[in-house]
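We just call them A, B, C and D in the order they show up, numbering each chain from 1.
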Amino acid sequence: MLPLLIIILLTGGIAAGIIAYWNQAACRWLSLITVVVDFAIILFIWIEEGLSMTLTDSWLRDSHIPWIPSFGISFHLALDGLSLLMLVLTFFLGILAVLISWKEIQYRVGFFHFNLLWVLAGITGVFLTMDLFLFYFFWEVMLIPMYFLIGIWGHENRQYAAYKFFIFTQASGLLMLLAILGLYFIHGEQTGIYSFDYFALLNTTLSPDTARWLMLGFLAAFIVKLPVVPLHTWLPDAHTEAPTAGSLLLAGLLLKTGAYGLIRFVIPLFPSAAQSIAPWAMLLGVVGILYGAIQAYSQTDFKRLVAYTSVSHMGFIMLGVFSFNELATQGVVMQMITHGISTGALFILAGILYERIHTRDITQMGGLWSKVPFMGVAAMVFVMASLGLPGLGNFVAEFLILVGSWQANQPLTILATAGLVVATAYSLRIMQKVYLGSSMQGYILTDLSLREKLILVPMCIVIIWLGLFPQQVINTARSTVANTMHAGNHATIHQKQDQEEVPNTSAFNTERREP
Amino acid sequence: MLNSLWLIPTFPFLGALILVLVGSRLSRQVAARIGAGSVGLAALLTMAVGYDFLNSGVGAYQYTAWNWFDVAGLSTSFAFYLDPLSLIFIFVITFVGFLIHIYSVEFMKEDEGFARFFAYLNLFVCSMLILVLADNLVLLYLGWEGVGLCSYLLIGFWYSEAKNGYAARKAFIITRVGDTAMAIGLFMLFSIFHTLNIQDILTQAPQVWVAGTSMAVVIAFLLLGGAVGKSAQLPLQTWLPDAMAGPSPVSALIHAATMVTAGVYLITRMHTIYELAPLAQLWVGIIGAVTLLLAGCSALTQFDLKRVLAYSTISQIGYMFLAMGVGAWSSAVFHFMIHAFFKALLFLGAGAVIMALHHEHDMFRMGGLKNKLPVIYWTFLIGAASLAALPFVTAGFYSKDQILWLAWAGEKGNVWFFLAALTGAFITAIYTFRMVFITFFGKAKTQVSHVPGKRITIPLVVLSILSVFGGFIELPHTLGHFTLFSDFLSLLLPSVSLREGVESSEWILQGIAGLLALTGVYMAYVFYIRSPRISDEIKSSTYVLHQFWLQGWNVDALYNFLFVRPFVYISTLNKNDVIDKFYTMLVRATEFFNGVFVKTQSGILRWYVMGIVVGAILIITISLFVQP
Amino acid sequence: MKTLPIESGLLLAGVLFTLGLISVLVRRNIIFMLISVEIMLNAAGLAFIVAGSRWAQADGQVMFIFILTMAAAEVSVGLALILQIYHHLKTLDSDAADRMNG
Amino acid sequence: MAFYIASAIAILATIMVITRYNMIHALLYLVVSFLAVAVIFFMLGAPFMAALEVIIYAGAIVVLIIFVIMMLNLKEESVEQERKWFTRNIWIGPGILAFILLGELIYILVASDTVLLNNKVVDAKEVGLSLYGPYIVGVELSGLLLMAGIVGAYHLGRQKRKVLHRFLQSTEE
């Protein structure tokens, strides 16, 4: 079942690429159908099994096909609560990406959809794979089509942005490859069997500093992908220059692969090492929040501004992941989903505006509410989501993260909460500069077409649904989060015996085990 | 009837939803009917639920709609909790809200965003009701932020002018500063009690903490921070005067009756924490006292009609904080109710006046409206009297007097609080009647364009009746001792214990307060009717002080200088990302080295041979000396 | 023949090799460079023969034969190239052919 | 004793080759040097190699070079040219490098223990046997190499006729 998801996307991509020579509309419809089919499958799995998941058996589906047995590499895909949620988000945003580029992309449509579907295939692979070699493989598969998406269909200096994006991710990816190989060989030495399988590598006993080095290798790749401040400069360029569908996928999904990697690989594989650098990582997260927010305030380019807001939101994820308790990690899972939707929607709005007035400079815009009220309302919903208004998805996520991280580190949480104020400042600035105020330019704007409404209305419904009824999502992710935390806490117990420096917090989340 | 409690917030929500979705296509009447109707229904339902609640005599009623989120110990649900305190609040919100909705049907008649206005107003009423009825602090926070959002939307309603947008943004951001303090308080509460359910916290708090434990004080201060942000008290009060950029019904509903008192509700609701943290409670009183003086003085110097009322709102809420500071919880709530009536009346009256003089805000250009707009004049006068707390006849007297008395007599009260309250009362009397005399008396400077219809006058009349007779439900000892209101709240909120041997002096204090109010009125009469020359002299002689007070003790400029300007400066300075420079510098370094190495390939054969020989020598020497 | 110490043979080869090297470095005329390369090759061959005679095996001499063949092929191709250079650049100066740089 | 004479001659001849301005003189001294080396081969008990040396090196290669020099019919000016290039201080750089290299070679030779050569003669038969014994692959390859050499020489040596292309008339071939 699981490889089917990826195969559909890959073949769909190729078919779309070919059909485009004859008829572009058919190509668009085909790619839409492929993603819709995948979405239907994953929804079916979610509704049928995801909701009724118990704590123990967290793995819903597992397919294991040996690929290169001699090296112990197997095509091992597995689906659990977390990856199920991520896939639902992937295919949901995938459909929107295809829909949004219906009119926008006229130039070499076939190749565009080919790249689009292959990026989605790469991302699906990343979320499903349980084999580290395969993980790196999909990590690269995800990267190259994205480079083309930005490089060919982007805006003014797209080459620079695509190039920068590629180098950043590729270089960090290689560090991860080193770490994977290191882990592979150490595991091979210890147990004699050389295998890249995630479960096998899970319990390799590593000496503290090798564990730290290997973890730093993994961390490098995920920190660049989930932009943490010092390594985030590729994101604004990539987002500003990417076509709407590109930046939608980039913001909605590629950033999440970084966060997913942290939860899936860094914490379980190197619990004690992750524990030891937790304070630093949280500090980086908070710096990310504040730095991203301050940056976002002064931007004049709409997409660049939204890009910096996602740097700030990703800072929350960093803070949440390294506070090592179930609350924060559930918050991180929620944040991944809600951020994907709210920032994706803001990018779609930027794209729609660009299609109409051919500029992204918010100083040129103003007073658009009177001309395009429907888009104004939609923008209002998503701007409020991005500043964490309760009742919308982002609030639940940020609240859980902050409550969770409060137990781990108080001063940093205070700083992060202060970040919310700055978040309000830049979010309202978007509304003010673009929709409210008086408009100097006499733009003649048509309000949203049916297609655009078909994109934005479901997103509004989903973000409000996540805000008011997040329990389904939390239940689905509960088992994965519990296991990750178990692995994480397993380390804290060691940590406690080694030195008593984390007195109450670790005792906290170990005692209060989930019944 | 009780179990239909959840319908109260749902009606306005549905109203707002309909108006947002199909508002633009509805005609004015239908939109008005939906907008006002939904709040009307909510008001009726509140009456019914309240009646049922009082008869059933059950202390509190809890209704859970659905489980919001339940994660590893933090389980919060959409649950409403009705008890005497929240009953009073929802009564005031829905009733005054309904009157204001009727008023704004006429007020916003020609405005093109008619449906949008009612949508926001309904959304506001809904989130305020959620805030007040919330069973747990997270839901309260939802209502809290929802109210902040709606105030942002409504202040910036006429979005075409940029300054309205700026005022709206300022309001939202400053209240958001308060909200973050409150959020941190929430986190601390959760980390100690593992629940955010208000009732559980209030029951567990006395067992976990002994009076004065540092954790309780810190949490109390944080919650106070949230309350100060929302209720525009001292540190965060600069947004309220600018919030007058919104339409008058908005100012009436949000910035007088309901939203600004959210802070009062929060602190009253979490009173056990404040009981356990006397230092924090004292500071609540101090903030109240200082704010009421500061706002009172600034109100003296304002020329914009609505800004006078804005500053007076700040000072009246200062009274409520003072009351809470001295532990007089029920009198704070009582003053809230009465204040909601007469302040809404004043704002609506001011709105009617402004509309009548085609959007003239400056009081000094009004005048002589006494006989031109009689109904508005009389209702405005009653509201002003109630605000100035003229003795015996107005409701304001009873509520403010009770606070004055308990500030002096309460065992937590002290003489400073009393003196501050007294001078505050005196200043209030002056600026209130200064406002009345300037706007309604003297010669008419601008012509009345049109007389407001009955949809405006009816709410004014109803509110004026309430502002007079509302006070009689809570008579002090000296005047019949009929304390229906505080008995109603007594089982929920701890009553104030008086210091010993002080009962006798109550009527003296009432006398002083009444006298001061009357002298204040007389002084206003002298300065502004009999001989305006004196007021001009005073103004010119104390010009610096006058400007200082006019700018609201230019706290605004201070914040601009301390926070806004540096933030904007850093942000613009760092517009294109100083970290990016690091990477571009990296790229340039690689290009430079490339240049250097390119020169080594000079194309000269002998140069290459020389390279080979040098290489050979190096290898041999290395192999010789580096023995493996 | 008296017995000869191996060092002297190898020493001779070394000296010859170094002389060839110096001449390659010094000369600008391509033909002279070719000649000096020949000298170096010959010196290498000599070293092989000395080693071969030391072990009294034929291997040294076999290697020398290969060196010879290689030298012959190298000279022929080298001279063909020199003809082309001379034809194009009208000079035998090795510095003239420096277009492949930058 | 004869060995030392022969090696002295070889070294002297090589030095003369290096220092001459005129190519022909250099080549002739080269022949002398090769002959001296051939004598040494003979002394080292490798008569077949001596013969080969004389035939191929002294005979074929040097003659080939002289033949090419004649083809290029360099006039007197090439000698002056040579004198111009051959300034005094050009020797310093290469001289130092060569000196260092020689020093290291000598150091290596001195460090290793001295072994006496046994003067057993390895005649052509033995060489032939081993040539077509273990080194058969080497022989094939050297055959290939020679063939490549010839084809290369022929191809590169040809004077390109000017191919005038109707519209690709770019620079002269």
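Heads up, the rule we're going with is that a residue touches a chain if its C-beta (ideal position, glycine included) is under 8 Å from a C-beta of that chain, and two chains touch if they have at least 3 such contacts.
This structure is a prediction, so every number in the text was calculated from the model and none was measured.
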Contact-richer chain pair (by C-beta pairs counted) among B-D and A-B: A-B
Per-chain Cα centre nearest the global Cα centre, belonging to chain: A
Between chain B and chain D, centroid-to-centroid distance (C-alpha), Å: 101
Centre distance in Å when chain A and chain D are each reduced to the mean of their C-alpha atoms: 69
Chain centre separation in whole Å, for chain B relative to chain A (CA means): 38
For chain B paired with chain C, centre-to-centre distance based on mean C-alpha positions, whole Å: 97
For chain C, residues that touch 2 or more chains besides their own: 21, 25, 28
Per-residue overlap in chain B, given as positions that touch at least 2 other chains: 610, 613
Where chain D touches two or more other chains, by residue: 93-94, 97-98, 101
Chain pairs in mutual contact under the definition given at the outset: A-B, B-C, B-D, C-D
Residue numbers on chain B that touch chain D, as the complex places them: 610, 613-614, 616-617, 620-621, 624
Footprint of chain A on chain B - complex, ascending: 20, 24, 66-74, 78, 138, 141-142, 144-146, 149, 152, 156, 159-162, 165-166, 168-169, 172-173, 176-177, 179-180, 183-184, 186-188, 190-191, 194, 567-568, 570-572, 574-575, 577, 579-580, 583
Residue ranges of chain D touching chain B (in the complex, touch as defined): 93-94, 97-98, 100-101, 104, 107-108
Complex interface listing, chain A residues touching chain B: 164, 229-230, 232-233, 236, 294-295, 297-299, 325-327, 330-331, 367, 369-370, 373, 377, 384, 389-391, 395-396, 399-400, 402-403, 406-407, 413-414, 417-418, 420-422, 424-425, 428-429, 432, 435-438, 468-471, 474, 512, 514
Touching residues on chain C, where the partner in the complex is chain B: 21, 24-25, 28, 30, 33, 94-95, 97-102
